[in-house]
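Below, chain A partners chain B and then partners chain C, in two separate complexes.
Entry: the complex of A and B
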């Protein structure tokens, strides 16, 4: 999965805009949007908001969580917690990236917000690496990663699943020979069973 | 992008390379007319007690306890290296030890009577994943890793670097432009070529047939 696909998925989230034009409701496959009244806030999908903003047809209302104090709190909580904390939005990175790059003027203290959001992302990413390491070296058979967003998962794919594949393969070989000392020849059964994939 | 991790199979070129590797074997019985296997042999027969280097693809088809050859496990998997591996796996240059350290080890696992090879291979991989994650995160697109990696690690490393590059590009909004799909690109090239042919008419059908097609 590429970041632009994740961006595409994230673009479905709803944001508020203040249009400067009046128009009838738009009937889209995913549902109706509008009607638009100049000066009255309305909820639209992110992609539509970005598109209208690019044409200077609206002003974007930043999401509630895009606020320094709140994000500072989240950052602190993220630092303290051993687990991943719940993010204010499923696609916080995508939303921040899109809104702040198209409409930096609509967001107060844009640069500071950008830094702090990236900080949170970096903290979470580092935490993910640490827990991956602990998981692989430990004895656990499964790991639970709640509240992890798509973009964060993207940073360890496909390297992590592939490494786990290899590790499992070598573990099976090591186990097989230990269990059965009188193996006849090199068992190729592992090769053939996966060959049909 | 391939979504499958490497898995040894009959058609995998990596697997062919690994099985080309020579394995040192001790001859246990006198093998008649097999002297050609040993370059230093004086007779036509292969006498017991001699050591010969045989390719892995031959050895792996024989039974582990076959009466003819005993496999000598290569030094790289011996106890000395075991000690090194267990202490600091991230500091050894695996690629220098053997370009196919993991796969070669996997094939030799059943022949090791002490059952260390299998464990070494498994443990080494386990210890080094974090290291791989880190180095692939911190290398830029054109940077080269400082250490020589094993073939499998190299593949993982490459995919990690690629992911990282895609992410950085996205953050810097470099990938905003929609690119022409590979298929459409090839098709338009083809069409252009055909047009030249029809317009100019300078290329004979004979020549056209000889051209490499996609």
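Entry: the complex of A and C
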């Protein structure tokens, strides 16, 4: 999956906008949106919100979680927890990036928010790298990745699955070699444990 | 312009257990639902190492819906708000469908022989390729074979000619994938040493594809 596909998927998230025009509801294939009433907030998919904002037809209501205090709390929790904490939005990076680059004026304290969201992302990335290191050294083939968002997964793709595939391949070859040597009646000193060091 | 959002009854949707509990609308499926199915199929296809079940029925319904929407839009002014928004949505849907089909074609071109051999052993109801894809795969295989023959194989000693078997490219089914469980799935084998784990709905995992391919098929989990 390419980063643009992840953004594409993230663009389906719902955000609030305040339109400056009025219009009857639109019945899109993916669901109805509207009615639009000038000055009244309405929920739309992110892709539509961004488009309307670019046309100067609305103001974006920042998602509830785009708020300094809440994000500070999340950041602290993320630092303390051994595991990944649940993010307020499955596509928080995509949403932040799209909203803040299209409509910095609609988000109060945009720059501060940007920094803190990036901080959270960095903490999570660091945590992800450490756990991958432990995971690979532990020779696992399976891991639970709860609360990891799609974009974060993507930062270790394809390198993580590929390395696991390679390790699995070595293990299978080692096992096959072991079987061959033992059937030939050779000594079992060609043990696979030598390779794992 | 929206009354076409409900699509007439379908015959081949029993695969989707979601519909079983809709007593009144058992036979009806909304365009929104079709789109969801197509999008899930698209994401699964992008992430899976092998080619998955074709979704021709759903794609055709979606294409019909897109055509229907375009028909409705014909009389609208190009600068009409409705026209622009619907147009944008249709572009997104077309992208998903094109990307899905392109991804399948890439797999067909890479694993041609392997896929064709597998198809031969499958029952009609279990075919992974749509009839069009099957035709494409066959012609592709023939052309490649002929090309190899003309440019290289015919000049080689007999020894090396008959090794078609060795040229078969197979997907690595044990490659690791990311999955998300849609429902609770008890005791899934997650390792070579028969280790078992219960997947809870909404949980995410990295795991060798082959161990969960049946969950994907049954829509109990999806690739992400």
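Assume the second predicted complex is superposed on the first by the 176 of 197 C-alpha atoms of A that agree within 3 Å, B and C clash if a C-alpha of one lies under 4 Å from a C-alpha of the other, contacts with A are read in each partner's own complex, and residues count from 1 in each chain.
Definition applied: a residue touches a chain if its C-beta (ideal position, glycine included) is under 8 Å from a C-beta of that chain, and two chains touch if they have at least 3 such contacts.
Note that the structure is a prediction, hence the values are computed from the model and not measured.
Looking at the superposition, the partner that touches the larger set of chain A residues, chain B or chain C, turns out to be B. Look at A:14: by the touch rule set out above, it reaches neither chain B nor chain C.
Shared-chain residue A:159: touches chain B; no touch with chain C. Using the contact criterion defined above for the overlaid structures, shared-chain residue A:40 touches neither chain B nor chain C, since it reaches no partner. When both complexes are overlaid on chain A, the residue A:170 reaches chain B alone and has no touch with chain C. Of the two partner chains, neither chain B nor chain C is touched by A:70. When the two complexes are overlaid on their common chain A, residue A:148 makes contact with chain C while staying clear of chain B. Within the superposed three-chain model, A:4 lies in touch with chain B and out of touch with chain C [touch as defined at top]. Within the superposed three-chain model, A:136 lies in touch with chain B and out of touch with chain C [touch as defined at top].
On chain A, the surface touched by chain B in one complex and the surface touched by chain C in the other have residues 157, 160-161, 165 in common.
Across the complex, chain C meets chain A through its residues 1-2, 5, 31-32, 35, 43, 46-47, 65-66, 69, 81-82, 84-86, 88-90, 92-93, 95, 99, 172, 174-178, 190-192, 195, 197, 203-208, 224. Listing the residues of chain A that touch chain C in their complex gives 1, 5, 8-9, 21, 23, 26-32, 47-48, 51, 140-148, 150, 153, 157, 160-161, 164-165, 168. Across the complex, chain B is touched by residues 2-4, 7, 97, 101, 129, 132-133, 136-137, 151, 154-163, 165-167, 169-171, 173-175, 177-178, 182-187, 191, 194-195, 197 of chain A. Taken together, the chain B residues at the contact with chain A in this complex read 1, 3-10, 60-65, 102, 105-107, 109-110, 112, 115, 118-119, 121-122, 125-127, 129-130, 132-134, 136-137, 152, 155-157, 159-160, 163-164, 166-167, 169-171, 173, 175.
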